[in-house]
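Common to both upcoming complexes is subunit A, partnered first by subunit B, then by subunit C.
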Partner chain A sequence: MARFLAGRLVALIFILLALTLAVFVIDAAVPTDPVAANLGAGASQTLIRAARHALGYDQPIYIQYYRFLGRILHGDLGTSLRTHNSVAADLAQFAPATVELALASMILISGLALLLGLWSASGATGATAIRFVLVSLASAPTFFFAIVLVLVFYSWLGLLPASGRTTAGTATGFVMTHDLWRGDLVGWLDGLRHILLPAVVVALGPAVAIGRVLRGSLVDAMAQDHIKTARSKGISDSAVLLRHALRNALTPVLAMVGLQLGLVLTGVIVVETVFAWPGLGLYTSEALVNSDFPAVIGVTLVLGAVYVVINAAVDVLQVVADPRLRDRP
Partner chain B sequence: MSAVEAVSPPVAEIRDLRVSFRSAEGQVQSLRGVSLDIAPGEIIALVGESGSGKTLLGQSILGLAARLPGVEIAGSVWVAGVDMLGGEVRRRRWVQRHLLGAVFQDPLTSLNPTTKIGRQLTERGITPTRALENLRDAGVPQPALRARQFPHELSGGLRQRTAIAMALGTAPITAGAGCDGEPIGVALIGTGETPQLIIADEPTTALDVSVQAQIVLLFDRLRREHGCAVFFVTHDLGVAASIADRIVVLYAGRVCEVGPARDVLARPSHWYTRALLAARISVNTPTTVPIRAIPGAPPNPAALPPGCPFAPRCVNAQELCDVSMPDLAPRAAGDGGGSVACFYPQPLSAAVAPPAGDDVLEPAEAVAPHAPPLGMALELASVTKRFTVSGGRFGIGGRMVHAVSDVSLGIESGGALALVGESGCGKTTTLRVACGLIAPDSGTVHWGANAGRPQLVFQDAGSSLTPWMTVGALIEEQLVRRGIARKELRAAMLDLLARVGLDARAAGARARNLSGGQRQRAAIARALAAEPRLLICDEPVSALDASLAIRILELLQTLRRDFGVALMVVTHDLGVARRVAETIAVMYRGQIVEQGPVETVFAAPRHPYTEGLLAAIPTTEPGRLSPKLAGEPPSPIGIVQGCAFAPRCPYARPRCTDETPILRDLGDGRRSACHFAEELGNRL
Partner chain C sequence: MTALASPPEQQPAGSLQLLRRRYRSRPHRNRPGGEAIGKAERAALVFAAVLVILLVAVPPFLPYSPADMIDVPLTPPSWAHPFGTDDLGRDLLSRVVYGMRTSLASSILVVASGIVVGGLIGLVAGMAGGWVDAVLMRLTDLFLALPGPLLVLAIVAALGASLTHTLIGVAVVWWPWYARVVRGQVRATVGMAYVETARLVGLGRVRVALHHVLPSAFGPLIVTASLDLGNVILLLASLSFLGLGTPDPAAELGEMTARGLTYLLTNWWVAVMPAAAVLLLTFIANFAGDGVRDLMERR
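Here is the complex of A and B:
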């Protein structure tokens, strides 16, 4: 096991290095000259050359990459062309909203996927109906589903707000987490009302995808011989399902979770735009529209790193769930 | 047995049990009016061919039948006074937790792979201490260590012992507390410290013979020590004979004969029981005695005949048998008790005349070519193959498996060789090297002059045939490769099918539409399409019932006789080896330990391992089983100093562990890798 973890850690470092290299190459390949762009159109050749030297752009490419890596490790992701703040500071400002949205989505994903998977695998009544409803909802394009939800819950029923994180208009920071920490239930419920619609939109697709894999792999697990052994011991149906079948069904589910969380990361960009959610997604779409390359590069690095770490965690969890994978060379 | 019944009520009572399933073909009747009592402490063996309903009967007693999809049940099953088919689920579960144990066929799949053994053992609420006692009781060494391990870390034999330990771990019954406070059959249920009844469904079928013998004896010991009854489902009459008090013979969902094991086996009353005994590919049957397959096939359970289900295959069927169903009636006086469901049972005094029919398996010598051999069909010279297993990366630091070490074999054109040994002995690697699927690390493989690659026939013919292609298309694919003209393809394909006993209908069928025997025939036809001079068969009949197995073996012998195809049969079944080949090679831990003419080797083995293997095979003489092979097949990982068999050998001496024996010629046409081969010969 220790050997496996060490191996995964080394692999993780290499993948992260590859990610930075990819981002560096894209950055270098972009046709706009960041130095010229920074100095303005009227700058003289001498001035540009001096600035290039000062910023290290006249150095060999591997030195540039080395310095790029060094900057990343020090948290220096460059300066946004749009906000003129450091990208790192911008990310720190916008990330909390996205983290809260992603967390809320993940809670919904787990709940919905377990509901869908366990309910339909247990063959209980209503399983087919709930499966039909969830799958149809997940088949709709995200933006369409988002608009329908806004129409129903905001325009018609007036139950839930359609944009922002709080009624007061607070945009940054861990709003709900902070409310929970202070014990401010009213504030937290206000945050909950705001986060509900965007979180449902983000969660539905991944939840249904994961739920279907869970169902299929639970059905397979329930057909295994050891389930017959467990039943012959006089164990209740729920214990058979939860204690014996679920853990044996996890390997493909975890693989799907890894894939789907990647989609969640890109999903938030669309959803944040629709719901005016002031997070990384909104920041990225603004940056894309304004050709703010340092910002786009910064977001790519951060989301890429999160994705890589999540999938490494999934690998480890798979091995934790199924001890047979531990002895595989 | 009647004395036992008088003392205490039966543990389980089955009354007129009828189980059927809805299917596309109509109602499939799997059990049709089975009645049976299981007395406390009794071992009952339930025997029958696949599809007879024997597994379903076991599941019904366990209370698992009611939840099978599409099932319809009539009749009743009572365990300790609790209805196991209907009634309250709580009461059924109470019986399952406190009174019953279950052991299933495949120990690889019947234990939960993701839960530690200790946790699985204590699931019914027993203490860890008792779980360890149960492990020890079931013959698991180092129980404390095993309890902390996962099932995949154990060998097959240990896993089955663990499953038995789990069956022993019934929840204790606290004083006064019956099921829902209702004291049920208190006299019977005892303390719950051990199960009252263990249902064992083919518990030894997936195991090696040496381990099978140990497990069979373990059940016998547990019964004696704990007094638990055992309901032992098996297809092997030999296994049944070696432990059962009573034998129940099931055919097409009905009990056709039941009685004390000794009497049923020695004087079978039902013609089916007799046919089953005659169809047994026994290692003890000299090759001069013919083995007869039961003609025909079991009836389709969706369209059963109105009369006796065995009548269409019975040599003694009369008019009455076709129209009326016989009920169980006492066996003739002097036949030792029991009942038989036959209008015209085999009379006790009748001479056991061989039944008519052509399905007679001739000994291998009879089909051996008498003309001078045309050279060798296969020659392996000093073949060695190693693999690296777990731990190592990039081929460094891993431990080596010496799958095959210095193996030399030869098969003459038209000859037949059987390669036998237990799991992990290297026989499959030898086979793969022999047909060129993998290259040996050292040594050479020759297929004879102008001979193509040998063709392979696998154990599981179903999965070796591409599922979406018709049998005809699969064979034609091979023929095209051989360069047969398009116009002649179909004729050539049908000719091949005819050779293996299949007709044109099989050409249009896909693997899933064929029966097990037909699939194996189709696989053989495809192999023949390449016109091989050598057919290599990997456990060709071990997935088939005895009657079907006999017919496949017959087919292989016909192919030898009529077309001069040489055979290499890899098998764990010494009975099959004895029937199918003139030469036998016994492998142990990657090496051939004994080789020679089949009859000579079987009459007087010159290696203790061969002797042990032969002694481990159960015969139909009750209570004869006396295994000499202790322990389990060895791990092939690493290198052993001296003789690899020494740790399990009853005759091992200091020299055996000091000096590695080499395979040497004994002068009478055979070779042995035992330092004391000659002594072994004199002693016997």
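Here is the complex of A and C:
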């Protein structure tokens, strides 16, 4: 196991390096000269050359990459062209809202996926009809869910708010966690009402995808001999399903969880834009609209690293769940 | 992705892996009555064909141009304008039809580029074997491990928002699965007796690769591509929604939806019609993709 973990760790470092290299190449591909743009149109050639030298743009490309890497490792992601703050500080300010949204979505995803998977695998009435509904849900773009839910629950029924995190106004920081910590139930419920719609929209797609995989692997697991043995011993159907089949069905589900993550990250950007949720997604979409390139690069690096690290963790979890996978090529 | 989205059909790179696995693990799904494919899939295949013909043939005959301001802005759906008009008084039906055409055509383009680039890399890796194979496949794995949709965002932000740049960005990250599919098939075929015979007869490497080995990968390639199309439609729509497509007045479904958000609570149709069109496209693409898979497995 130690050898396996060490191998995974080395692979993880390589993938993270590849991520920084990819972002560096994209950064270098920007058609405008960052130095000339920074100095303004009236700058003389001498001034531009001096600034290029001072900023290291006249160095060989590998030296530039080395410096780029050094800056990232020191947490320097540049300065946003829109907010004029350091990108790292901006990200730290907007991240908590996204983390809370992601947590709420994860809770919904686990619950919904388990429900969908168990229901459709149990062969209960209506299980075939579910497939049609699942494919329909799977086909819907995130923004379609978002606008339909806003129209129904906000505009039509008037049950839930359509934007922001609290009634009091835009808020950054861990609002709900903070309310819970202080025991402010009213504030927490207000936060819950605001987080419900965006979290459902983020969760629906991944929940359906994971639910479908869970159904497939449950059906396979239920066909195994040890399940027949368990049944013939007289264990009830639900106990067989939950205790014997579900555990063995989890490996492909974990793989799907890792695969869904990239989609969740990008889905969050769309959802936060629709619901004016003051997190990394809204920050990104505003950066995109305003051509705030340093901010886009910063978000890509940070969210990309999160994606890579979580995927590596899911990989390891798969092996924990099924040690036979360790010898997989 | 995508920004975007979710289940196997709905999601980009990741879901494909899973679909491939499903495809491999159950090559012969038995259906009651020995039907080749299910009713829903057959209907979707027919519907997809009809839709493609309509999208190609009908636009020139639409009464209004997608760019002309022909009526009072924000007119609700009516007989004259079945989808209503947008905030500039343009006919939404025309805009949605043109948007669907752009959406489908660009998605097919992205998938085709994935097939060509990935196919070439997979073919070279599979034919060469040894260190060439190892290097190319490690590179493919590396690309698969990176968050594709996020990188596309950065690429398009760097190049500037336009449909062309979005297509370039997606194409850059979209080939790895196709490389894997082709490489796997090529490795399985390359040792077969008839390939060996072709070599012994003295045929050149390129000829053997293109005429004798590559055709074995066509089936899995078609299945992968048809299951992938819905993902690409969703990803492109989401990128356009975030402002990375061609700006107005071009008719793009994602951009039209984002524009309609401003009027969502007063004039719902401006945002809902283009969003529903994306749903329709991906829905048909997903079911038709299942249909194509079932048909190919049957053969």
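By our rule, the second predicted complex is superposed on the first by the 309 of 329 C-alpha atoms of A that agree within 3 Å, B and C clash if a C-alpha of one lies under 4 Å from a C-alpha of the other, contacts with A are read in each partner's own complex, and residues count from 1 in each chain.
By definition in this document, a residue touches a chain if its C-beta (ideal position, glycine included) is under 8 Å from a C-beta of that chain, and two chains touch if they have at least 3 such contacts.
Keep in mind the model is a prediction, meaning the values are calculated, not measured.
K.L.:
For the three-chain model obtained by superposing on subunit A, do subunit B and subunit C clash or fit?
P.N.:
Aligned on subunit A, subunit C fits beside subunit B.
K.L.:
First (subunit B), second (subunit C), both or neither: which does A:D322 touch?
P.N.:
First partner only, subunit B.
K.L.:
Is A:S110 contacted by the first partner subunit B, the second partner subunit C, both or neither?
P.N.:
Neither partner.
K.L.:
Once the shared chain is lined up, is A:T83 touching subunit B (first), subunit C (second), both, or neither of them?
P.N.:
In the superposition, A:T83 touches no partner, neither subunit B nor subunit C.
K.L.:
Could you tell me if A:D225 is touching subunit B, subunit C, both of them or neither one (first, second, both, neither)?
P.N.:
first
K.L.:
With both structures superposed, pick whichever of subunit B and subunit C touches the larger number of subunit A residues.
P.N.:
Of subunit B and subunit C, the partner in contact with more residues of subunit A is C.
K.L.:
Contact-wise, after the overlay, does A:S285 reach subunit B, subunit C, both or neither (first, second, both, neither)?
P.N.:
It touches subunit C, and subunit B stays clear.
K.L.:
Just checking: does A:S236 make contact with subunit B only, subunit C only, both, or neither of them? Give me first, second, both or neither.
P.N.:
The answer is first: A:S236 touches subunit B but not subunit C.
K.L.:
Rounding to a multiple of 10°, what is the angle at subunit A's Cα centre between the Cα centres of subunit B and subunit C in the superposition?
P.N.:
Approximately 70 degrees at the subunit A centre.
K.L.:
Under the stated touch criterion, which partner chain does A:T172 make contact with: subunit B (first), subunit C (second), both, or neither?
P.N.:
In the superposition, A:T172 contacts neither subunit B nor subunit C.
K.L.:
Would you give the minimum C-alpha distance from subunit B to subunit C, in Å, for the three-chain superposition?
P.N.:
Nearest C-alpha atoms of the two chains are 5 Å apart.
K.L.:
Residue by residue on subunit A, keep only those touching subunit B in one complex and subunit C in the other, then list them.
P.N.:
None.
K.L.:
Using the touch definition from the top, list the residues of subunit A that touch subunit B in their complex.
P.N.:
Against subunit B, subunit A makes touches at 224-226, 228-236, 243-244, 247-248, 321-324, 327-329.
K.L.:
Under the touch definition given earlier, write down the residues of subunit B that touch subunit A in their complex.
P.N.:
That would be residues 62-64, 92-98, 100-102, 104-106, 109-115, 123-124, 150, 152-153, 163, 166, 199, 389-393, 398 of subunit B.
K.L.:
Inside the complex, what are the residues of subunit A that reach subunit C?
P.N.:
14-15, 18-19, 22-23, 26-27, 29-31, 132, 134-144, 147-148, 150-151, 154-155, 162, 204-210, 212-213, 216, 252, 255-256, 258-263, 265-267, 269-270, 273-274, 284-285, 287-289, 291, 293, 296-297, 299-300, 303-304, 307-308, 311
K.L.:
In the complex formed with subunit A, which residues of subunit C make contact?
P.N.:
That would be residues 1-15, 17-18, 21-22, 40, 142, 145-151, 153-155, 157-161, 230, 234, 237-238, 241-244, 254, 257-258, 261, 264-265, 268, 271-272, 275-276, 278-279, 282-283, 285-287, 290 of subunit C.
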